[in-house]
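First the structure, then my questions, so here it is.
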Amino acid sequence: MARNTFGNVFSITTFGESHGKAIGVIIDGVPAGIPLTESDIQFDLDKRRPGQNSLTTQRSEADKAEILSGVFERKTTGTPLCILIANTDHRSGDYSAIQNVFRPGHADYTFLKKYGLRDYRGGGRSSGRETAARVAAGTVAKKILRAHNANVIAYTLAVADIYAQKVDYSVIEKNPVRCADLTAAEHMIKKIEEARLAKDSVGGIIEAVVHGCPAGLGEPVFDKLEGLLGHALLSIGGIKGIEFGSGFQAAKMKGSTHNDKFYLDGDRVRTTSNHAGGILGGISTGEDIKLRVSVKPTSSIGQLQNTVTTNLENTTIAIEGRHDPCLCPRIVPVIEAMIAITLVDCLLLQKTLQLPPSQTPEL
Amino acid sequence: MARNTFGNVFSITTFGESHGKAIGVIIDGVPAGIPLTESDIQFDLDKRRPGQNSLTTQRSEADKAEILSGVFERKTTGTPLCILIANTDHRSGDYSAIQNVFRPGHADYTFLKKYGLRDYRGGGRSSGRETAARVAAGTVAKKILRAHNANVIAYTLAVADIYAQKVDYSVIEKNPVRCADLTAAEHMIKKIEEARLAKDSVGGIIEAVVHGCPAGLGEPVFDKLEGLLGHALLSIGGIKGIEFGSGFQAAKMKGSTHNDKFYLDGDRVRTTSNHAGGILGGISTGEDIKLRVSVKPTSSIGQLQNTVTTNLENTTIAIEGRHDPCLCPRIVPVIEAMIAITLVDCLLLQKTLQLPPSQTPEL
Amino acid sequence: MARNTFGNVFSITTFGESHGKAIGVIIDGVPAGIPLTESDIQFDLDKRRPGQNSLTTQRSEADKAEILSGVFERKTTGTPLCILIANTDHRSGDYSAIQNVFRPGHADYTFLKKYGLRDYRGGGRSSGRETAARVAAGTVAKKILRAHNANVIAYTLAVADIYAQKVDYSVIEKNPVRCADLTAAEHMIKKIEEARLAKDSVGGIIEAVVHGCPAGLGEPVFDKLEGLLGHALLSIGGIKGIEFGSGFQAAKMKGSTHNDKFYLDGDRVRTTSNHAGGILGGISTGEDIKLRVSVKPTSSIGQLQNTVTTNLENTTIAIEGRHDPCLCPRIVPVIEAMIAITLVDCLLLQKTLQLPPSQTPEL
Amino acid sequence: MARNTFGNVFSITTFGESHGKAIGVIIDGVPAGIPLTESDIQFDLDKRRPGQNSLTTQRSEADKAEILSGVFERKTTGTPLCILIANTDHRSGDYSAIQNVFRPGHADYTFLKKYGLRDYRGGGRSSGRETAARVAAGTVAKKILRAHNANVIAYTLAVADIYAQKVDYSVIEKNPVRCADLTAAEHMIKKIEEARLAKDSVGGIIEAVVHGCPAGLGEPVFDKLEGLLGHALLSIGGIKGIEFGSGFQAAKMKGSTHNDKFYLDGDRVRTTSNHAGGILGGISTGEDIKLRVSVKPTSSIGQLQNTVTTNLENTTIAIEGRHDPCLCPRIVPVIEAMIAITLVDCLLLQKTLQLPPSQTPEL
């Protein structure tokens, strides 16, 4: 129940502040014998890294992953993996502008209330930078999922009021917003640029799909897949909502429509629709798992905002510096990572629940 | 990490199937000395109980709470509370209609995939009846919250396409949909009755507010309040989405609007708006916590639906019997209970994080 | 991390006080499809039950197990089992003699310091009666172990200064001290009777052996088998020490003697001795697991003892009533149960650690 | 429940192999505001470090602690501490002598059975080196304990058949065996030197005492202090037994002797003896906690031993290189660390169990 740990049999524990020496993750419960190199992790980290293009912050963190333990001769050993990502660009110089001021939309005030003190150098533990550790762990999880024929894909569905009109996976990595619709992507980019020039920011929606998830994952009561995935994704900074399948639209539907009818596809049981988003009674059906999350507009903006100081005086603040005007593009790989981590945990746990007949007691 | 346990220092473990002998809950980590009687619990259970009025199923479960342990001379002792609710109306007679058929929208198919066998008598572990155990535990949690001056209130915000236009707490318990707007409630009732007569069902939206939640609850990374509350509420059967504060609307907002500006209210730091829903960086701000969940239309409907049998043959099914045509009214108390349980866990955990100066080492 | 829960993927949560309505256990993580009836559990419970013979307390608790959930058509369903044992003989009448006095050797004083109040009716949560719930859970665990060809056997090795001189499993259930040596048993019985007549009590040592434990159980660091089994057995009231293999004798041995040398028995790797007690590096070797625990003399004795009252006055107390003059015979089945529960947890967890080649990613 | 995590609200997660890049620990749940520097940690690490004197291995690991996170301006921030200890002396060169052979007394064979593969470079995850991470975490725990007026002291009580005859804390750090009796220490040193010259090793016993532990720590059932401390200490490599208070001697005692009688010391309730080792019903009494652990003779010895190869052929092996002929001196600081970590976890957890009257609901 460590507060910085997520997962049960496959679990990740993260540490590190944005302006400390390093951030990192320990992955416990990784099955032995899984091929893994630092390049595998770097491939995913590069998708989350700052400075990829004009839409993302121009900080130049290299986000270089180093495996400190748990891998021998390029294979996992079953012991905990520690992956370290050094903070190379912390520029610990000048925080006087934010040291004594509560930035609106940030955790400055709540940290002080929670801990009685705070690391005032940037976001600290609350920085988006923390998610790099999750992405590194996601590499391992995605490998295990793929070996079970399951794949997680996420993409930007909407930015401000612009929605993608189609889903073409092949273009996701070909546009800087990670949208699955190139035309919509162009409009989104324009919106984001406008916000950036206005020293403002915009929000959006990310959609994720899991193809090939085995049926039977998730638990019937507290650890319903919706609960676990909700926990996983709502724990990402900036995510303020999540819905599965028809989600909030389900509120307006009739049962006769919303119920996905079963039919036979050869000898496989399938459903004619997927309003449930691939989850019934909290357990995966084998249909695509489908979900969407709401991403708030970036809190760090250059516009002047009213606020108060730590000494309880009224003041104003404009957040200078290098910030993403829209969080979606760089959250996409984090979403994929957290979904993969959650599902692998369920997948491994499920192996404890049905014993082979030879290991089952007789009457 | 037991799968039927929720919470860390204040945790609940539930058990029981809809058609077994009983359901129940063990509450661990209850501070000693809290006054508690069976009547306290019964008061809350009666709100969730079937057969309250024409909108809810006419099953006549008494849902009588019995405290088996953890209370002595009407006070909690610090040891685990076991609260038992006997199943008096299970009528184990005739399940032939559903024994070999996968009911659309239900967990029949996924249970079989998960466990290799299933209790085919009604919903089993997956039944909404399981939530009675949560409500019983919620009584204890709400008592502790109130002693900290915090209150949880939930109500039906929408049924189908009908939304409440105002929020008047005083009328929530005065209408059978538990809506905070009497006029809207009348329209909602009509919608639900129409669905019932058409052997169909409708969905809805429930809103919840926590007044007086102390600042500082929740953790900065995985156990953000959004993550914990998301886990808690998405683990309730039928909930397919959750949003905090502006939620999915945040996707369309600018940072300059969405950021809640801090101001001084005497010597208390407050915000001029509450788009964040009372949570910044995953930690409570002291403003109202505000969230909404989406409730799918009841899966059990009398209309004929296509489906398949456990022997993999096409068939049709109509779910006879007594079912709520809209889940919202009876989920409202479950929502309140799960929010209270989650917050008390955070509240107690927070007591471990700031030591009084006399117990803090010196430099 | 609930305090009344033990185990990870196979976990037990117990509740109940000696003089409340009932005690019981929830077992979570039981694989589906395991045959189980109330008689199976009763068979084990009867070994722990009071009033078996002249050596044990003459209280006449029936200790009747009732399965409330998790079993359908005589098989486990994968959902949590709740097993209830009603307290039929609590005789809540007269506690005036102990209500305001701290009994030496008991938890009266420490409970008051811990909780600020206490259930003064007998041992409450701290009563040996609590272990009945563990024995009930042990039935399920032992079934799973046996299907993996593993068996747990415990017996009284010593009472006071009388040690068994041989180990004959066939006589364990044929003498009231559960000793594996009938001649020693007779001497032990005499010692115990002498103590009883002198209104005193005696201690002893219990030995346990696990035959057929698969190699590979336990974890290399914190969850070494010694750590897990130590936790499990030292959590039984009255146990004040544990040792594995040569245990405390190892302190006096040379490495050249203590090291168990490997040899080939056909194609099976075995050791020529077993000083390690079947555990190397915290992980089972496949040789017999062997351990011993020290059992303190019963705290409840009829002799007059000095003590103080809850009002902080000096006083004396003699504990009247029905108490076992030696705890060993009735702790034997509890030891077996806790070992089985611990090993099944390891056994199931191990299934998550080595994936079949078809589910392992390729380089 | 991560397997490499120990503790509940104050928890440590360790990682690293003896011949990998680094080992380390994440400490979660550290209260904010505790002064901490790398020198504080180094002070304790130096006690466990190899090469201290002629009795310990001559490897020259610097064991330099680096704090990567969780400390700001020399105080803990409430976020997870990561402490890294680089492996500077791993000499990854030549493992051909042990790569394909199961060393007697080591985890080589059990690792292969558990994981299907193993890091054959020395002890890997199973190396005693892993305990450096625990000692680093212990520094933080001991600071918190001291601020609560509690102190943990451990020392070598016996080496082979030589027992300390008195306890003088002031000499523990003045002799290389960390014995509390200088005369006995000299005999112990001689015994150890003899063993070293004979290419052999010796075992011993370590005793630990906690002064000033507050009453009320520990839980009445599974998390009895004996269970938690047993888990903590039996998880240290080489420890094969543990006993509390009179421990295994209690087996031979009468209840009338073993029961510690209560008396009044001013208005403090104390006991005239301490056979219980400061723990009653699993909960601390406020008297000294007293325990002893058995340490097996070092497994790595230079004598020729029979064994088998990974290819299942009979062979012999002599373990060359630098090994401690007696583990006791360097385990002493590990024992202190693990006791402190365990007690701080209990101490913080206890803060959730008794609410101040102002936060307790009224009847």
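Chains here go by letter, A, B, C and D, matching the order in which they are written, and residues are numbered from 1 within each.
As a working rule, a residue touches a chain if its C-beta (ideal position, glycine included) is under 8 Å from a C-beta of that chain, and two chains touch if they have at least 3 such contacts.
This one's a predicted model, so the numbers in the text were calculated from it and none came from an experiment.
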Each chain counted as touching chain C and chain D at once: A, B
Pair with more cross-chain C-beta pairs in contact, given B-C and A-B: A-B
Averaged-CA centre spacing for the pair chain D and chain B, given as whole angstrom: 44
Chain B and chain C: spacing of chain centres that average the CA atoms, whole Å: 38
Rounded Å distance, chain A centre to chain B centre (Cα mean): 25
Residues of chain C touching at least two other chains: 1, 3-5, 8-9, 14, 29, 32-33, 78-79, 114-116, 125, 220, 349, 353-354
Chain B - residues contacting chain A, complex: 1, 3-6, 8-9, 14, 102, 104-107, 109-111, 113-116, 125-126, 130, 158, 160-161, 195, 200-205, 215-224, 226-235, 237, 239-264, 267, 269, 271-272, 275-277, 280-286, 294-301, 303, 305-308, 312-314, 349-350, 353-354
Chain A residues touching chain D - in the complex, by the definition given at the top: 1-5, 7-9, 11, 13-17, 20-24, 26, 28-29, 32-33, 66-70, 72, 75, 77-82, 84, 114-119, 121, 124-125
Chain C residues within the chain A interface of the complex: 1, 8-10, 29, 31-35, 74, 78-79, 143-144, 146-148, 220, 348-349, 351-355, 359-363
